[in-house]
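One structure is given below, represented as C-alpha cells, and several questions about it will come after.
So that you can tell them apart, the chains are marked A, B, C, D, E and F in the order they are listed, and the count of residues begins at 1 in each.
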Amino acid sequence: MKLIVAIIKPFKLDDVKDDLAEAGLHGITVSEVSGYGRQKGHTEVYRGAEYQVDFVPKVRVEIVVSDEMVAQASDIIVNAARTDKIGDGKIWILPVEEVIRIRTGERGDEAL
Amino acid sequence: MKLIVAIIKPFKLDDVKDDLAEAGLHGITVSEVSGYGRQKGHTEVYRGAEYQVDFVPKVRVEIVVSDEMVAQASDIIVNAARTDKIGDGKIWILPVEEVIRIRTGERGDEAL
Amino acid sequence: MKLIVAIIKPFKLDDVKDDLAEAGLHGITVSEVSGYGRQKGHTEVYRGAEYQVDFVPKVRVEIVVSDEMVAQASDIIVNAARTDKIGDGKIWILPVEEVIRIRTGERGDEAL
Amino acid sequence: MHINSGDTAWILASTALVLLMTPGLALFYGGMVRAKNVLGMMMQNFAAIGVVSLVWVWVTYSLAFGPDWGGHGIIGTLHFFGLNNIGDNPPGYSLTIPHVLFMAFQMMFAIITPALITGATADRLKFGSFILFITIWSVIVYAPVAHWVFDPNGWLFKKGAEDFAGGTVVHINAGVAGLAVALVVGKRKGWPKKAMPPHNVPMILLGAGLLWFGWFGFNAGSALSANLLASNAFVNTNTATAAALLGWILVEKLRDGKPTTLGAASGAIAGLVAITPACGYVNVAGATIIGLAAGILCALAVRLKFALKIDDALDVGGVHFIGGVIGALLIGFFGTKAIGGVNGIFHGGGASLLGKQALAVVVVAVYSFVVSWLLAMAIHKTIGFRITEEQEFEGMDTSLHAETAYEFGPSFGAP
Amino acid sequence: MHINSGDTAWILASTALVLLMTPGLALFYGGMVRAKNVLGMMMQNFAAIGVVSLVWVWVTYSLAFGPDWGGHGIIGTLHFFGLNNIGDNPPGYSLTIPHVLFMAFQMMFAIITPALITGATADRLKFGSFILFITIWSVIVYAPVAHWVFDPNGWLFKKGAEDFAGGTVVHINAGVAGLAVALVVGKRKGWPKKAMPPHNVPMILLGAGLLWFGWFGFNAGSALSANLLASNAFVNTNTATAAALLGWILVEKLRDGKPTTLGAASGAIAGLVAITPACGYVNVAGATIIGLAAGILCALAVRLKFALKIDDALDVGGVHFIGGVIGALLIGFFGTKAIGGVNGIFHGGGASLLGKQALAVVVVAVYSFVVSWLLAMAIHKTIGFRITEEQEFEGMDTSLHAETAYEFGPSFGAP
Amino acid sequence: MHINSGDTAWILASTALVLLMTPGLALFYGGMVRAKNVLGMMMQNFAAIGVVSLVWVWVTYSLAFGPDWGGHGIIGTLHFFGLNNIGDNPPGYSLTIPHVLFMAFQMMFAIITPALITGATADRLKFGSFILFITIWSVIVYAPVAHWVFDPNGWLFKKGAEDFAGGTVVHINAGVAGLAVALVVGKRKGWPKKAMPPHNVPMILLGAGLLWFGWFGFNAGSALSANLLASNAFVNTNTATAAALLGWILVEKLRDGKPTTLGAASGAIAGLVAITPACGYVNVAGATIIGLAAGILCALAVRLKFALKIDDALDVGGVHFIGGVIGALLIGFFGTKAIGGVNGIFHGGGASLLGKQALAVVVVAVYSFVVSWLLAMAIHKTIGFRITEEQEFEGMDTSLHAETAYEFGPSFGAP
C-alpha cells in the first residue's frame, strides 16, 4: 500500500474528491495547509506598515491506496487538480507498511 | 522507527492520548482534518439553497515510535478510539529513516 | 527523495523558511498542529472550573528534498528552529517513492 | 392621561434598549457554548423574541396588566386582548407616556425572561419543544407573576413587596425555571467530567457590553419617565455593576489565582441582576454594597451546581436566581425613602420590608419552579424536550438548523 | 418653529440609531459572504457612510428637501446647499425639532439606501467604481425619489401615496437598483453551481440584532416626535418583525425540513422592510399580517433568482424589493385613520389608496431600475465596474484592500 | 434647578451611549492585537469601567466638579464625596437635568479616557499594575485636568479655552499618557521587525461602528440638553467623521496603493477625536475641513512611531493625541459664534482664541505626560508594570487570565 499526499488549490478539492470517488476511491483525509513555493503570496498593509505574506492557502489530501491503484489515483489527482497556473501543487508518494481500520481492526487492503 | 498516523473521532483524542501516555508514549502531534469516507456528512441549507457537506471533522494523530513499540502503540490507539460506529477512522504506519530532537540534536530512538 | 517533517515552535517558522530558501529549497508546506510532549500546556479556568490544556501550538513543516539535500536541510532546520528550551520539536525523515508536480506532470527531482 | 414628550422619548429609547438585550444575551450565551452549538443557542433567543412579541401583544399583556380578574390580584382579564381598549390607561398607573408604549416596554421584559432560561438548558433542547414551552410558559408563569408584582392591583404589589425593574419577575423567575427545565431534561453527555469551554470569549464580552448598555433602558426606563428617579436608577445600575465586576474577579484572583474576562463579564451581569429590583430604592452606598455582594456571592454560587449535580450549563441559577435573591432581599436593608419606596432596616424602617421581600422571593421562586417543572415534564413525556444523543454529539447547528456557524478556511466549493 | 425638547431628544436618539444600522448592515452582509470577501463587503458599507454623509450635507439634502424647483414636485433647489438657510423650516413641514436635526435624520436614510445595494453585488465590485456609483446615484436617484415621496411638495406625496419610513424610497429603490447593478456586472464565477455559504453566521445574527434595534429609530423616529404615533410605529415595527421571523422559519420547516438561524434573521429583516412604509398607518392586526406575509413570501421569493439567473448574491431583490412592495401595497388594505393616514380597503376606504400605492411602487421601481442600470452600465463600459477574475479568486480582502480578515492561528512572524 | 424631561431623556440616552463606547473600544483594540492577547486587551477595558465607575462616584467626581478648592481653579473639594450634597447644582452650571445625571454623564468620559491608554501599551502590561495605575491616574491626572477645562471655575475654562466634549481632557490627555506609559514599559519583543497584524478586522469594524454610534452621545450629549446646539454638534460629528474616513483612505490609496478597512475605521476615529472639542463651535464647513485634516494628518502621523522608536502599539499617540491637537487648534480658526462659543480667525475673531487653545493643548499635554510618566515609572520600579518575557511569548490570555479567546475546532474533550 502507498500513501499519496497531494497539495492542491483549495477550490480543486471537490473535483479531486469526486473523480477519486468515481474510480472507487471513497476514503480521503483532508487538511488546510499553507504553501510556500513559486507562487507569490500577497502584501498586507496595516496603518501604512507593509508586510509580506509568503504563504498561500492550499489543501493537503491524503489517500492510502493499494499498490495497484497508485498510478491511477495519482493520475486522477493530477488531472483533476491541474489549472496550468503556477501553484497547482505537488504529489508525493510514500510506502505504507500497514493499514488498520479502527472500527473492525481489519488490516491491509481490507482496511481501505 | 515508524510513524503511526491515526485518523480518529475528535472526542476520542483524550482517551488515545491518555492511554498512550500510560504506555510510556509521551509525545504526539495532532491536527484537525476533514475526513471523507463511508460516514455521511451533513446537509446545510442557506435561504433555501441546499448543499451537501461530505466532510466530517476528524483528528489526525501522528506518533513516531521505535520499532518495538509499533504493535503496542497501534493496539492502544485502536482500542481507545473505537466506538464501533462507522467513521471510527484509520491507522497507517510508515517507515521512518531518522528522527531528530531539535533541542539537543539527538537522533534515533534517543530523540523520541 | 525524502520527506522531512519538522514540528517546530510557530515563531520559528520564518527563520526556518528563510534559511531553507537561502540554501535553494524554495518549496515547503506548513500546517498548524498541536503538540503534546514534555513541554507543559496551560491551565484554563472558566467560572471557577479548572481544566488542563495539554497541547501546545506548533507548526508542522513538510519538505520533500532530493536524497543529497536531506542532511543539509535537516541541519538547517535544526539550527534555525532551536531555542534550547523544552518543546523545540522534532524532525522525522521518511522515504519518498515518487514526487509529481501537478502543473507539469514532471516527476522525481524535477518536480521539486 | 397627559403625554409628556420627554418621558415618551426616554421610554421609546429604553424600549429599544431592552429589545437589544435579547440579541445581546444571544451573543453572551452563544459565545459560552461550544462552536457546534452556537447557532442552536442564538436561535432560541431570536425565536423567543418572535414568539413572545406576538403572544404578548395579543394575549399576555392583557393577562399581566389588564384590569384585575375578580379583584384577587392573581391575573388580569382579556380587556386589552389584541391591544383592544389600549386608549384606556392600565389600571393603577398614571402614565405620562402612551399606554401602547408602556405595553411595548413591558413586552421587552416578557421577551428576555424566557430567553434567559436557555442558558441553563444549553446544548440539548429540541427546538420545537422549546418554542412550545416558552409560549405556554409566557401565559401560565410570566403573565401571573408580572401581574402579582408589577401591577398595582397584583397581590404582592399590594402587600408592599418592592421590585423596581424585575428582580423577582424576570431574574428569580427565569433562574428557577431554568433550573427546573435543566432538571427535567438532564445533564449533557460528558458533563461534568468533560471540559466544555466557551468557544468565543470576545463574543461573550460583546454580549455583556450590549447587555450592560441595554440594561440602562431596563432599569432607568422602569421609572417610566425621564426624571430624577430614572437618573438615580441609572447611577445605581452602573455602580452596582462596576462593584460586582470587581467583586467577581477578586474572588477569582484569590481562589483560582487569576482574574478572568469571563469572570469580569459574569460579575457585571450578576451586578446588573442584583441591582435590578433595587435600583429605584437605594442610594449609591447601597448600590455599591449590593453590587459587591452579588459579584462575590455569585462567583461562589456558580460552583454549587457541581455539588448539586445539576447541569445548569451557563449558570442561570448561580447568576440570575442567586443575584435576583440578593437584590430583592437587600432592598430590605438598604431601601431608602430618600430615593424612592420605603425605608429598609439600615434606614430605620425596621424588618417589615425585608419580610415582604422574602415573601415575594419565596412565592415567585416556588410558583415558577413548580409550574415550570410540570410544564417541562409534560412536554418531555409527550413530544420530547431533548435532542437525540446523535444530535447532541453532532451539535445543534448542523443537526437542528442545517447550518455551520463558521467557515474561516478557504472556500472548498467555489474558486 | 417651536422646538420641543422631548421630540428633539427622541430624534437625536433615532438619528444615532439609524446611523448604527449601516455598520449593522455591514455585519449582516459581511457574515454572509465568504471569509476572503468580508472586508471588501464591510468596506463598501463604511465607505458609503463617508461618501453619502458629505454629499448629503453639501448637496443632496437640498435637492431632496429644498424648496421645490418649478413646482413640479420633481426635485428640490439648492436653497439648502451646504446647510445654508438651515434656519428656515423645510417647506411643508412644521417641525418641533431643529431643522438641522431633521436633515441629519434624513441623512441616515440616504446613507443606508445605497449601502443596501452592496448585498446584490457582493464579491465582485471594484471599490473605486462603487464609490463613484453611489456618489452619482445619491444625486440622480435617491434625491429625486426622496423628493417625490417624502417631501410634501413631491408629486407622489401630493398624489396621496403613503410611505411612513421609506418602503419605496429606501427598500424598493435599493432593491431594484441592486438587481440592476447585479445584472450589469454579471454573476460571480461559479455561481450558482458552487456553494458559497456564509462564513460567519453569528456575525449575521449580530448584524440582524443591531438592525432590529436601529430600525426603531428608523420607523418610530419617522414620526418626528415622541408621541402616540411614534409609539404605534414602534409596536407595529416589532410586531411585524416578530411575525415575519416566524413566518420565514415556518416556510423553512415545511419546505426544507429545518428552520435556520439565517432564516430567522432574514425573516426579521423582511418584516422590518415590509412594515417600514406601513408602521404609522396600520394597527397591530395589520402589522401582524404584513409581517407574516413578508416572512412567508420573501422566504419563497429568494429562490426566484435561481430561475431568473440573476446573481443577487445576498437577496436584496428578494428581501428589500419584494418586502418593500408587500408593505407598500398592503397599506392599501390595512391602512386605518385610527392610527394615521387614510383608510384602506379593509377599513372602508375603498381601493383608491391601493391605487396610489401601486403607482408609487411602479414609478419608483421603474425609475430606479432604469437609471441605476444606465449609470452602472456607463461605469462598467468606461472605467470598469468589476474586479478581475484573479482578484475574485483571491478574494477582495487581500486583492483590493491588502488585508486579511482573520488570523486566529499562532502568530508566525512574532514570538 | 428646573428639570426638563426632554433634556433629561437625551442625557440619559447619551450617558448610556457613552458607556457603550468602552466595550466598543475593547472590540476596536481587541481586534487589532494578536489572537493570544485579545482577552488581555479587552479585560483592561472592562476593568477600567469597573474601577473608574467606583472611584468616580465616590471621589473623583467631586475633585473634578466639586466647588473649587481655594479658588485657584486647580481642583475641586470633596463636597460631593460619595454623591453627598448631590441635591446642589454643580457650581457654575445651570442644569436642566438632575445633577446626578450630569455626574453620570461625566463619569463615562472619566471611564473611557484611561481605557484609551491601553492601546498604546497593548500586549505587555501586568494586570494588577494596570488597575493600580488607572486608579491613581484618575485622581491625579484626570480629575484636575477635567476641573481645569470642563468646570466653569477651572483655570483654563476661565481663560477661555474651548473644549466642547473633551479634546484636551479626554484625547490629548489619554494620547500623551499612552505615550508616556509605552516609553516606561518599553517595546514589545520583536517590534518593529516582526509583523504583528490585527487578528480580527471585522471585530475592529464592529468596534468602530459602536464607537461612532456612542460618540453621538459623547458629543451631542455634551450640549447637556436636547436642542439646536446638540443637533449642530451631532451633524458636525458625523460630517467630520465622514470626511476623516475618506481622508485617511485617500492617503492610503495614494501612498500604499490600496485603501484599507482598518484605515477607514482609523480615519473615522481620527475624525471623531478631532471634532470632539470643536463640534459645538464650528459650522459644517469647519467640520468638513477639521475632519479631512484629521484623516489625512493622522494617517501620516501613525508612522512617526517608527521614526521615534516608540512602540505605541495601536497608535493612541498618532490618533488621539494628534487628532485631539488638530481639533483643539482648528477651533481657533473655525470657531463661530453663530454655532456657539466665540469667533476664530476665519470668522473675524482674531488669533486670541487660537492662543488660548494652544495654551490648553500645551498645558494638558505636558502635565499629563509628566505625571503619567512619573506614576508609570514609580509602578514599574516597584511592583513592576510589565509582564515577563515568557508571558509575553505565551500571550496574555492564557498567562494572565487562564483563558483562550477562541476554540472553533471540534471540542476535543467532550463528545
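The criterion applied here is as follows: a contact is a pair of C-beta atoms (placed from the backbone, for glycine too) under 8 Å apart; a residue touches a chain by one contact, two chains touch by 3 or more.
All of these numbers come straight from a predicted model, not from anything done at the bench.
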{"item": "Number of hops, chain B to chain F, where each hop joins two touching chains", "value": "1"}
{"item": "Geometric centre distance via CA averages, chain E-chain C, whole Å", "value": "51"}
{"item": "Chain E and chain F, separation of their C-alpha mean positions in angstrom", "value": "33"}
{"item": "Contacts with two or more other chains, residues of chain D listed in rising order", "value": "4-7, 9-10, 13, 195, 197-198, 200, 206, 226, 256, 258, 260, 262, 393, 402-404, 406, 408-415"}
{"item": "Sites on chain B at which at least two other chains make contact", "value": "11, 31-32, 44-46, 50-51, 55, 94-95"}
{"item": "Category of the chain touch graph - line, ring, star, complete, other", "value": "complete"}
{"item": "Residues of chain F touching chain D in the complex", "value": "3-10, 12-13, 15-16, 19-20, 22-24, 26-27, 30, 38-39, 42-43, 46-47, 49-51, 53-54, 57-58, 82-83, 97-98, 100-101, 103-104, 107, 127, 200, 203, 206, 226, 400-411, 413-415"}
{"item": "List of chain F residues in touch with chain E within their complex", "value": "4-7, 9-10, 13, 17, 34-36, 188-191, 194-202, 205-206, 208-210, 212-213, 216-217, 220, 225-228, 230-232, 234-235, 238-239, 241-243, 245-246, 249, 256-262, 264-265, 267-268, 283-285, 288, 392-393, 406, 408"}
{"item": "Chain D-facing residues of chain C, complex", "value": "44-51"}
{"item": "Chain F to chain C touching residues, read off their complex", "value": "393-394, 398-399, 402-404, 412-413"}
{"item": "Chain C residues touching chain A - in the complex, by the definition given at the top", "value": "1, 3, 17, 26-31, 64, 94-103, 105, 111"}
